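Once you scroll down, you'll see the structures, which are given as structure tokens.
Next, two complexes with chain A in common: one pairs it with chain B, the other with chain C.
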Partner chain A sequence: MLRQLFENKKIRIIGISAIVLFLMGIPWLITGYWVRLLTSIFMYATLSKAIDLMIGYLGYVPFGNVVFFGLGAYTTGIAMSHGIPFPLAMVMGALISIMVCIFIGVPVLRLRGHYFAVATVGLNGAIMAIALNATALTGGAMGLTFPVLPAPPEIIYRYFYYMMFALMVAAIIVSIIIVKSRFGYAVRSIKANEEAARALGINTTVTKTAIWIISAIITSIAGAIYGFWMSYISTMDVFNIMIGVTCILMTLLGGAGTIIGPILGALIFQFLSEMVWSQFLEFHLGILGVITILVIFFIPGGLVASLKESFTRAKVQHKEAGS
Partner chain B sequence: MIFEIALNGLMLGGLYTLMGAGFSLQWGISGIINLAYGGMTVLGAFVAFSLFRLVSVQPLVSCIPAAIIMFSLGWAIYKFFLRPTIRRGTFFVTLIMTFAIELVLENFMLYVWASDYRIITSPYSGISVQILHAEVPLIKLIMFAISIACVYLVHLFMSKTKPGKAIQASALNPQGARVVGIDVEKMYAINFGIGAAIGAVAGALMSNITSFSVVLTGSLVGKVFVIAVLGGLGNIWGAALGGITLGLVESYGTITIGSEYNEAIGLVVMVLVLVLRPRGLIGRKYWDV
Partner chain C sequence: MKENNAELVVKTLSKHFGALRAVDEVSFEVKRGELVGLIGPNGAGKTTLLNLITGFLSKTKGEVFFQERDITSTTPDRVAKIGIARTFQITKPLVGMTVEENVMAGALFGRAGRPRSIEEARKKARECLELTGMLDKKDLSVGQLTIPDMKRLELSRAMATDPHLLLLDEVMAGLRPTEIDEALSLIKKLNETMNITIIFIEHVMRAVMSISQRIIVLDHGKKIAEGSPEDIARNPLVIEAYLGKKYMERRKSNG
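Presenting the complex of A and B:
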């Protein structure tokens, strides 16, 4: 039943537009706290989508993808403190990320599996150390302050809410386009078997770098918005490897390589985090760890796969009952 | 001056060798990148610290109980958490699993010991010795000697004893090892435990010369990574090469560029080695003697 509902195209379109309209209207009805929580959920959903492009489709795990988040935030902050308007500063952040991807991505992407994961962590550590010590430019350990918007707080909250929401929608659309395109097939063929993909005439280096660049652009724009939103950033904040790991966890929870999985994972995870274990600050890390272990043991394929499986099972049972 | 820097780097390198050897064993033989290694090392340091504070055990003697505790913990973690994960998932799930374990360990240590920096001030920490015009603290020399002795012991264990040979066989050819009657899973678990124990000993030694805290776990994992990558995996001489290289590079970098770039230098060296020589400087993949 439910599955047929999902498969019906009309109902799908109506459902999606209802959700979008609901999310567009909701910030006018709820308090600032909830608007901020939803904004942070959108941010994590966006970052998880960006990481999932690498994990779910390409099969590479960029453990230190948060480096682009930090680069985006810092570049935007530095540019804005020199009087450059936000949109332009954001683009500059994205350009820096692209450059890092090209110059460092090409050699690093030659590595496979563990080695790639580790090299990205190293990259993050190195760039973080540079940001921390280039005090004249970045403010060093003092952090970096963004110019604050001259408006009452509710309006600022809504402003960033819509910005983050738009970015998340853009990330979803981009991933749908990629999945359906020829490029997307090339990316997934690399995940299945890189040598075979190369033998078929796919330029694996260009494909891998291109998908990483897309992931990096999304991540760095999220970083730029985050910095402007918080109006203060420090290296500990935006180069924090925990952000990247949390996003990997969200992807894992929702289901890697699915359109909606990372979004679902981010939603559930952030809600749980805010509602349940923020009450136990002392055990925050430990509970995060235990939840991770439970997810790995009990829903290894992610929620989306588990749901699909139970739908299929229900369908089979339904058929058997009918015959 | 150069001689002094080199000597200091060498001393540091001895400790790094030990630290890297444990991580390298776990990675090269059990096939696990153990992100909880930093947590295990710091836990070893805390065990030594508590033994020193509460029952005033000599800091160098407390290596032994720390090693025994961490061996059991490492063995249990492998058996109950990592083994089931490896069986059902890809390497990336295992990586996340070790990270989850790290989080739990970290939380435990934060709860018990808080995040303050601690150091063990042993009775002989003030004494220093003269080596060719260079002043070297006695404690660093002792630490260096113990590190090298431990590394040599592990080498002897791996190459001369029956369980050690069985562990090597399991790494080289699991199927073949099974055929001749080796319980491969048990060997992997023992090897993982040995790795954890080595980390704990390194942590206990480290607590004598520098202050430590839970906050350090991340940067320790970074360091052992660099060491393992520099030297190649599961190879104890590789760990020695990587550890001493890192020690020299760091102590030279501290003088020339400044200590705040220490970590960055190590990581840059690692990324370079990864890209230029993916199998490490020595370039043998498995344990070999």
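Presenting the complex of A and C:
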């Protein structure tokens, strides 16, 4: 029954429109605290979507993908402190991320997945060190301050809420387009079997670098918005490897390689951490670890996959009962 | 050396793995439209030779030309794009994709895949699956396939790349006799009606003898014979390679 509802196109469109309208209207009805919480959920959802392009679709785990979050935030901050308007500064952050992907991706993505995973961590460390030491430009250990928007807090909260929301929607749409495209077939073929992909005429290095670039652009824009939102960033904050690791866990929890899996994972994780874990700060990471292990053991495909499975099972039982 | 109608020219090609000469100074030519069998005992170097031609392995020595173009150091994806398709002896299905999606991946890339839309690729994939008798299994995931069906999938996917030259590595292994006959007539059909030049590695001797126009024999990395099926069947070096020296000596003393 429920599955049929989901499969009906009309109902799906109505459902999605309702959710979008709800999320568009809600910041006018709730307090600043909730607006901020939702904004951070959108941010983690976006970052998880970006990382899932690599994990779920390509089969590579970029542990250090947060490097683009930091690059986006820092480039935007530095550019804005030189009077460049936010949209342009954001684009500059994305361009620098693209350049890093090409310089690093072409040599490193020739290698197999685990080398790539380690290389991204090294990359993050290296760029973080540069940001920390280029004091004249970045403020070094003092951190970097963004220009503050001249508006009352509630307006500013909503401003960033809508920006993060739009970015998340864009990330979802991008992933849907990719899956259905020729490029998506190339990416999925590489995940399935890299040698077979090459034998079919797929240029694997170019394809892998291209999907990494898409992931990096989304991540760096999220970083740009985050920096502007917080109005102060430090290297410890935006190059924090734990942001990437958390997003990987969110993706695995919700379901890697699915459209809404990473979103669902981010939603659950962020709510839990806000509602429950903030009471036990010291155990935060421990609980995170335990939940991850439980997820990997009991729902290896993530929540979305196991929900789908139980739908199918229900359908089969329904049929059997009927016949 | 490069004649006009030569589809593939292999010149003194070698591959050494340490001290092992897996392919040792092998030279041969295949003409456009030919159907050539490549045989030899296990470990003779047949698969390695195929990996060298398609760019999956670097060459210790030698050159490869395809349609008069030097492809000695061309990467596998480029090789596929200019029209050489291959199957893998140990099948490499695209796990996590359906049978149809596997073949669509071939139809979307390969030699003629670029201008195809997803729907055109689906159509092409179904045509290829129809030819190999796999159409009714198009929605299965590859994990559900039997070994012979995996081989058929490999063949369908290679065909979907619209090759000029098709390299088949033991696609008939594990098939039953009637299925082998079907596979043979399919290979003949691809060669004759679709004008695809084919080199096929096969262990089933009956199969090789029945459809090859020419046969190349490898043993210990070296080309030991080349000729028509009749010549090959009579060639003492070939018989020795397959049946051993003792058999030959016994035959001589008896005859």
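The rule is short, and it goes like this: the second predicted complex is superposed on the first by the 323 of 323 C-alpha atoms of A that agree within 3 Å, B and C clash if a C-alpha of one lies under 4 Å from a C-alpha of the other, contacts with A are read in each partner's own complex, and residues count from 1 in each chain.
In this section, contacts are C-beta pairs under 8 Å (C-beta built on N, C-alpha and C of every residue); 3 or more make two chains touch, one makes a residue touch a chain.
This structure is a prediction, so every number in the text was calculated from the model and none was measured.
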| item | value |
| --- | --- |
| Fit or clash between chain C and chain B when superposed on chain A | fit |
| Touching partner for A:126 - first (chain B), second (chain C), both, neither | first |
| First, second, both or neither for A:180, with chain B first and chain C second | second |
| Following superposition on chain A: angle at chain A, chain B versus chain C, Cα, nearest 10° | 80 |
| Chain B versus chain C as contact partner of A:286, first or second or both or neither | first |
| Minimum distance between Cα atoms of chain B and chain C in the superposition (Å) | 14 |
| Touch list for chain A against partner chain C, complex | 180-182, 185-186, 188-189, 191-193, 195-204 |
| Interface residues, chain A side, partner chain B - complex | 55, 61, 63, 104, 107-108, 110-111, 113-115, 117-119, 121-123, 125-126, 129-130, 132-133, 241, 245, 248-249, 252, 282-286, 288-290, 292-293, 296-297, 300 |
| For the chain C and chain A complex, residues of the former touching the latter | 54, 56, 75-77, 80-81, 85-86, 88, 92-97, 101, 104-106, 108-111, 113, 118, 121, 157-158, 161 |
| Residues on chain B engaged by chain A in the complex (per definition of touch) | 33, 81, 84-85, 88-89, 91-93, 95-97, 99-104, 106-108, 110-111, 218, 222, 225-226, 229, 258, 260-261, 263-264, 267-268, 270-271, 274-275, 278 |
